[in-house]
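Before anything else, here is the set of structures, which you'll find just below.
Each of the next two complexes has chain A plus one other chain: chain B in the first, chain C in the second.
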Partner chain A sequence: MTESPHADYLAGLLRSWSEKPTRPLSWLNELRAEAIDRVSKQAFPTKRDEEWRFTDISTLTHLPYLPSRPETSLQLQDIDHLFLPEAKNRLVFVDGHFHQQLSSLKNPDELIIGNLPDFSASHSSILESHLGQHAAFDHNIFTALNTAFLRDSALLIIPKNTTVADPVHLLFIAIQPEVTSYPRCLLIGEMGSSVTLVEEYATLAQSAYITNSVTEIALAANAHANHVRIQRESKQAFHLANCSVALDHASRYQSTSLSLGSQISRYNLDIRLAEEAAECSVDGLTLISNRQLADTHTCIDHVKPNGTSHQQHKCIVDGAAHAVFNGKIIVRPHAQRTNSSQSSRNLLLSKTAQIDTKPQLEIFADDVKCAHGATVGQLDPEEIFYLKSRGLSEVAARNLLTYAFGAEIISRISIPSLKQQLEQIVLNQTQSN
Partner chain B sequence: MSAVLQSLVNQPYKHGFVTDIESDIAPKGLSEEIIRLISAKKNEPEWLLAFRLKAYQHWLTMTEPEWQNVRYPKIDFQDISYYSAPKPKKKLASMDEVDPELLRTFEKLGVPMHERAALAGVAVDVIFDSVSVTTTYKQKLAEVGIIFCSISEAVHTHPELIQKYLGTVVPVGDNYFAALNSAVFTDGSFCFIPKGVKCPMDLSTYFRINTEGSGQFERTLIIAEEGASVSYLEGCTAPRFDTNQLHAAVVELVALDNADIKYSTVQNWYAGDEKGIGGIYNFVTKRGLAKGINSRISWTQVETGSAITWKYPSCILRGENSVGEFYSVAVTNNYQQADTGTKMIHIGKNTRSTIISKGISAGHSNSSYRGLVRVAPTAEGARNYSQCDSMLIGDQCGAHTFPYIQVHNNSAQVEHEASTSKIGEDQLFYFSQRGIGAEEAVSMIINGFCKDVFQQLPMEFAVEATKLLSFKLEGSVG
Partner chain C sequence: MINPNSTPILTVRGLRASINGTEILKGIDLTVKSGEIHAIMGLNGSGKSTFAKVLAGHSAYEVTGGSIQFEDKDLLELPPEERARAGLFLAFQYPIEIPGVANTQFLRLAYNTVQAQRGKEELDPLEFDDFVREKMKLLEMKPDFLDRSVNEGFSGGEKKRNEILQMALLEPKLSILDETDSGLDIDALKIVAQGVNQITNKDNATILVTHYQRLLDYIVPDYVHVMQAGRIVITGGKELALELETRGYDWINENNSSIAGVLA
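What follows is the complex of A and B.
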């Protein structure tokens, strides 16, 4: 360990980890201890690891950013511009720590929502069977670190056959510079339930910090979750995120994720269609410029027959930015009649922009329909010509087409205020003169 | 229906026999002495020995790759004999002087070379266990200035060309198996098409691995000068053995301005038995350098044999407006494994590439397409189209796609498409409704699936390939 160049950051984290239990729950303490043990046995990935070939995180590993401390000075008016009027239930976390005063819980009877430690005694058994069970940390050092430092966590349990009409907003705000925060979410959708979840990472300061987040989503039979994920961290920040989704029989998971901020961001989305007839649709938009690097790795694992998955991932890359997409689809033996489609579409706006995309299929069953496609390029000259023939200038035509390219993904978001906000962001970022 | 298909799949390997010719075999193992021995046996100049030793030094520092999607027991490189040659004979003046045993071998293979040469107008540079025995049509080619001979002959007759080009496309330290090949290659073909010459016939060479336990390390070098064009055919069969044989060849192509090289392969080496025992390990490095403006390199391959096929015929598109093409059909059955595809490296302006890959897996086999399309910052206006389709026959096999797309220039257009399908009951039903039996229907569906690739093959290869595929997959559908 001591010889590794990562020693500073890792060693600092390992030292700062304390065994002191937050709550007298043995399984939770065991989980954390097991995770810290895994951390000490792993090293940070380098470009020599296939999964990290295009994303160099060596700069991050030299930063001595220690875990953040709770920060309570934040006032409601500082962050109310980030609120969604549609979302009656809102959990706010500041640097990974739950902030009661800024959160708002309107209908706590209908569902179980709040900070995980408040429920760890009352809902111990259900938490034990889910927390840390979907996001495996044996071979993922970031998930292991997050689990080891697990304290506060957004918890959402949707009871059987309950439909939560309004979206639930999980807002993770970063304010302290040069710290590492460990946001964590757990969503358990019981049988036949339905919910829309907005998971948002935002900042109030354009400083450098590290966010290492883990989200676990478990949907029981016939449950449905619409998961909107927005990453608009500081342009100096490092964002490392893992999301693991487990789908039971005929459950449906919809994901729309946006990567806008961060100097270096990495989002791993693993979806396991563990039972028959599960469905998922996964859409993503990466919109980056300057020297940003955004890496999205998704893995959709069809374990049982009759599953369906649809994925569309788009990247708009400007400046000297670098986007990476790796979309793996696995169809296990006997997962017959799987229907899967995937498309990776990429737009390079500048000469120095870079794309590395790898749509990957691994198929072990014969009665399946699987297709994927990837394109990299510029705007279609014919489309530009068409708009010009309608009287638009070259620049206006380009801006319009670039905007439309990104807006396709945003149009899938069902929350009007959020959609509007994001459309504005895409509009601003894609306009050139 | 399934019974018919079963019987079809389980057709034994037709070309499994061993020719009994006394071999001149080097002791097993790899060391500097062995390399010096090979070099001495072949009476090689000093610079080539230096080339081999440099490669060997490189190889010693390298570790065997592990990223590939194929599994095999660890190869003991000290348990391989690196040189075997038929006993040296005096120079052959005519066909009559060729060892009758050897001729009978070709007879059995169904390619009597004189007949084949005469009928098809093909010059066959026969490689029999690493040493060129005879070369036909040499004279006709010599008239237009084409050099087509074994590489060991070229080392003596045209050392300047070999020295200039050998190892320029695939450097000695390129990869583990290429380094090994560079150290111990025994023979192979050399072809040089001078300025402005269109090769009057398809060039062909017949590889055959003969001695049990001797790995074959072929080295092929093809150079097309300005405005030259050539179509090169490579076909392979090997006798039936139970110990795995390593085949680590290197093929280098160089195309100068306006030159055109078309390289076609039909590979049907012994694939092991239905339990997956035995068979050839086909670990080959094939790469073409489209060096000049408007040059074109085209790879076409039909891979049906070998226990493991692991190769990526690639194109480095350096010249402006140069074109790279890759057409491939890979068929795996029983316990065969294939990890094959291509690399298209766009460096020059307005370079274009096309990739069409068809993978068919049956039985317990696994077939992977792995491809790289890289557009360098200098490749203004580069264009790529890739399509890779897989067909699965049965539920015990696997098909995988790993396309790497790396674009560093915003004027590039890169498209990749992939799909997976199977032979449907409804398709077979439709055929039987029209009075076409299951067996023939499967053959027709598969040939339709591979049509885009077969169209690229020279005529006689296309016929062979179609037949090969049908009997390879006989009995696997049902």
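What follows is the complex of A and C.
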């Protein structure tokens, strides 16, 4: 075992790993055993690790937050304000544990949806070929921990050529203080299928806890997924998340992710355009204040020719908050005629706010189109003047422009009720005065 | 329309302004009375847009001399938003784009701000929607411009129409249209001119900054001024624009003193 100051904490965590899956499956047990083996061989990253330069998680590793236990006291009326009227299918997880009564499945014949253990026997072979296969845990201690504690998981399989008309809402609610939860999602989009998925992390208590989540998305040829991810955890929480996406031939993945909550959050989004003509668009908005830290690391890996990726990431940083964006784009030698663009735009609302943005292009093919740019700034004085010349006060003009900066990303969300909710959040957070 | 009994809306005397230490406006005198339409012409870089932006209160320009009276107010004492609320409107030569703000939201915000100032009723989104759609019809604008972001991806002509729409909504006392005709096709020019003509009446006034006589066929000015190197060097009636169209600007310099003297 690597000697690290966090060895005690890890040892404690591992001791708590005693639960066996309810219906033991040899491959699932092996996966968990493998993960736990990897946990014991890794240490928590420190600021000396290049990938964690700006994000100091040492406070987190000193917190003895044990894995959460299922909590069943929650009632529908406690959380129905978080529901989306458009989403006919909803899976609710409380502190990472599936909650049947709060979930709602309206058209289950259209798709396979539910909690992993209910399908692990009936769909064993498809699960075995995807679960834990996209989110590698050899060099990622958080993914390894999540996999080691893997029990409940949101599962979605969209059958061949099926378009799921209504969005699916995966709602992960944190209610217990000082615990660690391990949310997990798996989306398998079969050939020619299409779905909109909302993955949301919310809380009912402004307390400290740790969320360590892993999402895996695999899209077969010509499949499409629109993935909206909302992180609005408690302002005291620690949110560590990994999402791995594998794209087959001519599949399309659209991602809109929002980082709003948490004291410290880290979101790793890895997209592999594994076959020809795959497409992805990746939009992100970080909106933080006070002493929050939000770190987004994305990696878009073009493996085969004719792939397309478009990325726009925005940060609005107020107070003494700190946003990090690291956007890696890899174009491998065979990925000719790749078309890729990346833009990172950042707005600092106070003198003590901080942003570190780094585009990272690794291009090994010659026939590629790659555009990228990053800006860090304040509001444009010409835009302020334009609004004032129409009668808006200085404060109203600034507020509107700050709002607009964030709203541009939110406008890409196609679910009206969600869009409205989020616009309201951005509005509240960007209105000084 | 010139009316000897009308009152001045705008009185500019000896206005000087600079940007980054470079003096651009070098002593402008101009009086605009209610009911009048004034055209300002002049070579590129002569200071027309600078004058317009100084009137609107752009903070990049430092006013180093002179005075601007707007009705009973000292305009130079007012920040841009209060000038707008007092009834001054500038249609920009280059309207900016604001991604993320729906045009309808922006228009309503501006409208309600000005309405509130005038002690009039503000409109809720539904009421405003009806109201703005009527105004858009006059300008032959498609309703989907309401849902799009302010000016984002609008063509040059569409941006200009959106400026005139704002003018129609805000019903200013004094409208300054900075090259609103540039980039308009002939049909659009007629529509915009019609819009302006509908808004103008005996109680308000308009300043048109333009390079083209063509616009003045549709919006007939009472006065035409020529700006040169930060000054108004010559003032005439609408026939001056025709003369400039055929003769260019060179002859002005030769006759500068005498003509300016006659017209002063």
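Keep in mind that, in the parts below, the second predicted complex is superposed on the first by the 427 of 433 C-alpha atoms of A that agree within 3 Å, B and C clash if a C-alpha of one lies under 4 Å from a C-alpha of the other, contacts with A are read in each partner's own complex, and residues count from 1 in each chain.
Please note the rule applied: contacts are C-beta pairs under 8 Å (C-beta built on N, C-alpha and C of every residue); 3 or more make two chains touch, one makes a residue touch a chain.
Being a predicted model, the structure only gives us computed values, none of them experimental.
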Clash or fit (per the criteria above) of chain B with chain C on chain A = fit
Using the touch definition from the top, say if A:Ile355 reaches chain B (first), chain C (second), both or neither.
-> first
With the two complexes superposed on chain A, say which partner A:Glu408 touches: chain B (first), chain C (second), both, or neither.
-> second
First (chain B), second (chain C), both or neither touched by A:Lys388 | second
In the overlay, answer first, second, both or neither for which of chain B and chain C A:Thr375 touches.
-> first
Touching A:Leu76 in the superposition: chain B (first), chain C (second), both, neither?
-> neither
Considering only touches as defined above, state whether A:Leu400 meets chain B (first), chain C (second), both or neither.
-> second
First (chain B), second (chain C), both or neither touched by A:Asp366 = first
Across the superposed arrangement, the tightest C-alpha approach of chain B to chain C, in Å, is 15
Across the complex, what residues on chain A touch chain C?
-> 380-383, 385-394, 396-397, 400-401, 403-408, 411
Residue ranges of chain B touching chain A (in the complex, touch as defined) = 67, 375, 377, 390, 392-422
Any idea which chain A residues touch chain B in the complex?
-> 50, 333-334, 336, 346, 348-378
Contact set on chain C toward chain A in their complex | 56-60, 79-81, 83-85, 89-90, 92, 95-96, 98-101, 106, 109-110, 113-114, 117, 149, 166, 170
